[in-house]
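This report concerns only the one structure given below.
Letters A, B, C and D name the chains as they come in the text, with residue numbers starting at 1 for each one.
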Amino acid sequence: MTDTLLINVRQEAAPNALDPQAASWHLQMPAGDGSPELHLGLQGGTGLDRPRHWIHLGTRAHAAPELGLHHRQTMLMLGSNLTGAIELTGLAAPALLAAEAERQQALLDAAVLLLGWMAHQQPANLGLTVFGALPGLRDERGQSPFWAALGQHFAGMTPAQAAQRLGAHWADDLAPLLPRHPVMLSLLPAGAQAVVSQVAPAASRLAQQLVMQGLASGRHVDLVDAGPVHEAPLASLLARRGAAQRHLQALPAEAAEPLSRWWCWAPARGVLLRAEGRLADDGRLQLPSGALATLGAQLDEAFWSAPG
Amino acid sequence: MTDTLLINVRQEAAPNALDPQAASWHLQMPAGDGSPELHLGLQGGTGLDRPRHWIHLGTRAHAAPELGLHHRQTMLMLGSNLTGAIELTGLAAPALLAAEAERQQALLDAAVLLLGWMAHQQPANLGLTVFGALPGLRDERGQSPFWAALGQHFAGMTPAQAAQRLGAHWADDLAPLLPRHPVMLSLLPAGAQAVVSQVAPAASRLAQQLVMQGLASGRHVDLVDAGPVHEAPLASLLARRGAAQRHLQALPAEAAEPLSRWWCWAPARGVLLRAEGRLADDGRLQLPSGALATLGAQLDEAFWSAPG
Amino acid sequence: MTLPALDDPARYLMRPARSDDLDALERFAVASAHGITTLPADRAALADRLARSQHAFASADDASGEEIYLFVLEDLALGRVVGTSGITASAGFGGQFYAFRNEVIVHGNAALGLSNRMHTLHLCHDLTGVTLLTSFYIEPAYEHTLAPQLLSRGRLLFIAEFVERFSERVAAESPGLADDTGHCPFWNAVGRQFFDMDYPVAEKLAGGRSKSFIAALMPPAPIYVAVLPKAAQWAIGQLHPVAELPFSILQDEGFDADTWVDVFDAGPIVEARLATLHSVARARHLSSAEGRHAGQEGEAADGRPRLCLISSPHRDRFRAMLGRVGETAAHLPTALARQIDLGPGALARVAPMSLNALTRGGRHD
Amino acid sequence: MTLPALDDPARYLMRPARSDDLDALERFAVASAHGITTLPADRAALADRLARSQHAFASADDASGEEIYLFVLEDLALGRVVGTSGITASAGFGGQFYAFRNEVIVHGNAALGLSNRMHTLHLCHDLTGVTLLTSFYIEPAYEHTLAPQLLSRGRLLFIAEFVERFSERVAAESPGLADDTGHCPFWNAVGRQFFDMDYPVAEKLAGGRSKSFIAALMPPAPIYVAVLPKAAQWAIGQLHPVAELPFSILQDEGFDADTWVDVFDAGPIVEARLATLHSVARARHLSSAEGRHAGQEGEAADGRPRLCLISSPHRDRFRAMLGRVGETAAHLPTALARQIDLGPGALARVAPMSLNALTRGGRHD
């Protein structure tokens, strides 16, 4: 079981009384091989308790054929489009940003498997969006050219001043002061335009991992630093992998290669496990007996599993 | 080769001089077993030649905690957000809507495989959106309650009158007359609200197939009948399937079961083929020799392939 | 004793409300569910408002804009108070005063020669800071006399006298269409989307909060009138029947009613520049004739006598009455000067009543 | 022969432009790259415009709103045309007239007690259909005389005389900040985002198209001024130096410059109700004194002589001049009546010039 990976999953009390369906999960990948512990959260019911705000990037296209003019304008629209969505939280944690690509990928992979299971359990959730926000591009002093060009004019405070005055939720508290009408991106200074949807260098590898998981950016950005929001319909994540409920059995000791990696999720134990196994001809998933013990697998019990 | 399926693919001249990269492909599934021929198009560079318009469904969330009020409003915003995207065309064709689920699924599956290949060829395209619009819900006389509640007030014409007067592109021609400011959905009559993002009964099965392929609805609707636009980031479609360039070899005559379905794409021949085969331990894809002949497979040539 | 007729102009006196007017004000507030949108039907709140008004009239401090002024109308023949009216110095003081502005948006496709003109309502605070005429109520028996003319227009002379305390723009809200149960077609179509409550509840909330909390809940985009239910469309700019009399007086004065409507019930909001209003524009300054030779008061020298609105220049002792003054008179007749308590050397403001006002005031008597 | 001084009011005559004024108009159009935004520097286009103007002056048809009127100013002493001005009956005729309206939007979070006031520009067509004063140009030598006063204000008397052909609202555009090469800070920040061309090119396109094609390219959302580059912010409502003289004349008349600016260069657009403009509000009607007894023209009976703007009531033979008329004169002096070709029984419009106008007109002479 050298290649076995274990992720501890804890469901937390739904903090949002408005939507008891709102799932809240915490994934913990233990430290190992000199790598620190990594965390990731899945938080449903975004913004249902207190409004959250993002900037939507819309396109307006106009043509005046008689003048030979064709124009596309990107419009920045402050709104709450991701309200009710499931957020991947903790993406900006330094440990996660600094982690090896393999560990980043495994943790995201596990989160997506879990999301697929949630969708499978509650097909009504298939319409939900899953998103995660990454830190945006700032200048060498850590200041956001985007905020300086937009939010600062309206809020009259720097992010530091606002955080001191209003606390952690300062950006959403200040949102009512920000433009209520769409703003043309092309009116902003070039330096602000250039950072829209750009990710901080430290997060660029994680951004690639999110794209590989099917969470694309480009529709919404953060209202402070215009960092990208990576998002996908939950339906597309469910469709993404060969995930299914499968019965398990022990991998025969004499099993021939090749083995491949499989994720398996044991809700009762709060364990997400990745191990080398194979799909038997009868559709059962064969895993090492140690893995079965970790999962607490019972005879004829089906587990949510997918190629890893 | 009883289970072999052949789809003819034709690349058409890019009609859009503004973006020579804009792909235009035509997929044709031949008639068979009493089922008619089916068609599907992939059209890149949407709206780059003449503006196209859709209604974006945005959310505005506001809270007035001191009054105990929390509100979410859906805002209808006319815009051109899907400009530059790749459109699945032909979704409203009666033959496709009426086709057996298996044939619908196969054709969509083939289209998604092709999109994945295009993304693989041109990674710069990964940021593109893929979308397809389905007919919306109308009343028993074929009239759209949505148009009657919104467009009609602004354009002063029924769709029939507009089509007669302005031709096929009437909806986009009339778009400049439609609301330029966001409209609150809740202000429209209940009958119009009820059809937003609802699909015509004849298209509901195809809508499910699109969702299963990862193309979710809910962000944009048609400006005439508010029918749903199904969409996905191309990146999520690429990530979706175990697609890769693989070398082919003939399936040994004595090959043991189980076999599984594989798609394979031969750009030189314009053929997308699905056949029963298996992945050999060395990573080569083993297909029946008849299939290899159809694909025109050469020794050591890699083909874009994926589980079907 | 025979009382003078109700349409005897000398019978009425307008003056600042005093503490002992509280009973009368409460009576008016209760009697006028729709007519007075700004007088609370709650004795404690009324007493508070009265105290604020008395402070505003009496204080020599520089005006901050927070002031409200409440007037009452006395029937001198009966010695009782029969109506009230008020002024809010600065609409939306300390916040914003919200209104919908009627605006036409033109959409078009020039290449196809197609265009349309769409009526829209824009949430705005154009009227923030203007001076508001408020709280108008007259007992029904006096509706068709000259009393309401004095009670409404007298405010304009007060504002003109103390311009430094007011805006150069004056506005007034009028209640919009609603039935006795509070059912309001415009509210049901628009406001209810933001406030899950009946109109009277929201109206009460707003009354205490200067409507500025609305900003957080209403969307910034204009509302296209065409998409609203017909009943809501028709209600835009329509007057509640109870407000016809005070509204018509303001129209006669030259107020314009086309631009703004109320955010809740879409009732019309009239607005004008103070200087353009008839009673203000036509007013002359006259000192008392007291101590002059009798001949100088003679009718021949003073021209044809006309019914005029007459006000004193004293803030806390403000008085306004109706009376006849010669068209070219150089001085105010002594009797009138005494009635408004005009001191020596002080100048009264004298504005001829318009023909409309006279017709309206007397049409049923 | 000694010519009268340039500031002799009797030296100037304003009248409709005629075919033989084409050379002069072309000279003015070429000489004024910035001063005249509505006169094309193209002889054929000028001739066409002149023909349209002549038709408008002459036609007895009901006005459609499409009319333009071109006037010229003659220096009678030299017998030459030294300036021009025009009127467009209805701005944006057949389409819309676009402008940015200055508006303040208040955003706030009431719960936190935070709010701000943001200056925004709203694309609007509030001014569609108003009457536009256009095409003003005066030769530099005459700038500091009374000539420009006559040339600009005379239009107001013409409009007042033929109100049925015009709107009750009058507006005028003034060029905004731009340098000699057409570099315009507001255009560079805003307009260029929609039109990939230099300002002069877009301006020329717009001139021929009444700006209505802009609707298809500009977004409907207001522009928040604070996000624009500082140079563009400063340019909003700023006047190009060449337009100071005609702008100041309109300000003296009572035009308001705070509400609208040009969509291209953000130059101020002034607007007013016709009836409130000084030359219109103060004008009297006088018939010719011809045929009266000499005594009736006497200075004593006519009061103090004041410099006045005098215009005739004839449309196609319209004349406006400056001259001295007694403050209480019942008739127009015969000499002036003859100069404006006032027929028997016809009434001239006579408006006293404001002190500002006189000061301004004579300040350098």
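Note that in this section a contact is a pair of C-beta atoms (placed from the backbone, for glycine too) under 8 Å apart; a residue touches a chain by one contact, two chains touch by 3 or more.
Just so we're on the same page, UniProt names per chain: A, B, C, D = Arginine N-succinyltransferase.
Note that the structure is a prediction, hence the values are computed from the model and not measured.
Taken together, chain A and chain B share the touching chains C, D.
Across the assembly, the mean Cα position most removed from that of chain C is the one of B. When every pair of chains is scored by its C-beta contact pairs, the maximum goes to A-B.
Separating the centre of chain B from that of chain D, both taken as means of CA atoms, is a distance of 59 Å. Computed centre separation for the pair chain A/chain D is 62 angstrom, with centres defined by C-alpha atoms. A separation of 38 Å divides the Cα centre of chain C from that of chain D.
Shared interface positions of chain C, defined as residues touching 2 or more other chains, are 105, 107-110, 115, 213, 215-216, 219-221.
Taken residue by residue, chain A touches two or more other chains at 60, 62-64, 66, 75, 176, 180-181, whereas all remaining positions touch fewer. With chains as nodes and touching pairs as edges, the resulting graph is complete, every pair of chains being joined.
Interface residues of chain C, counted against chain D in their complex, comprise 95-96, 103-110, 115, 124-125, 128, 212-213, 215-216, 220.
The touching residues of chain B, when paired with chain C in their complex, are 60, 62-64, 66-67, 69, 71, 73, 75, 149-150, 153-156, 166, 173-174, 176-184, 186-189. Contact residues of chain C toward chain B in the complex are 105, 107-109, 112, 114-116, 118, 120, 189-190, 193-196, 205, 213, 216-217, 219, 221-224, 226-229. Here chain A touches chain C in the complex through residues 64-66, 176, 180-181, going by the rule given at the top. For chain C in complex with chain A, the residues that touch the partner chain are 110-111, 215-216, 219-221.
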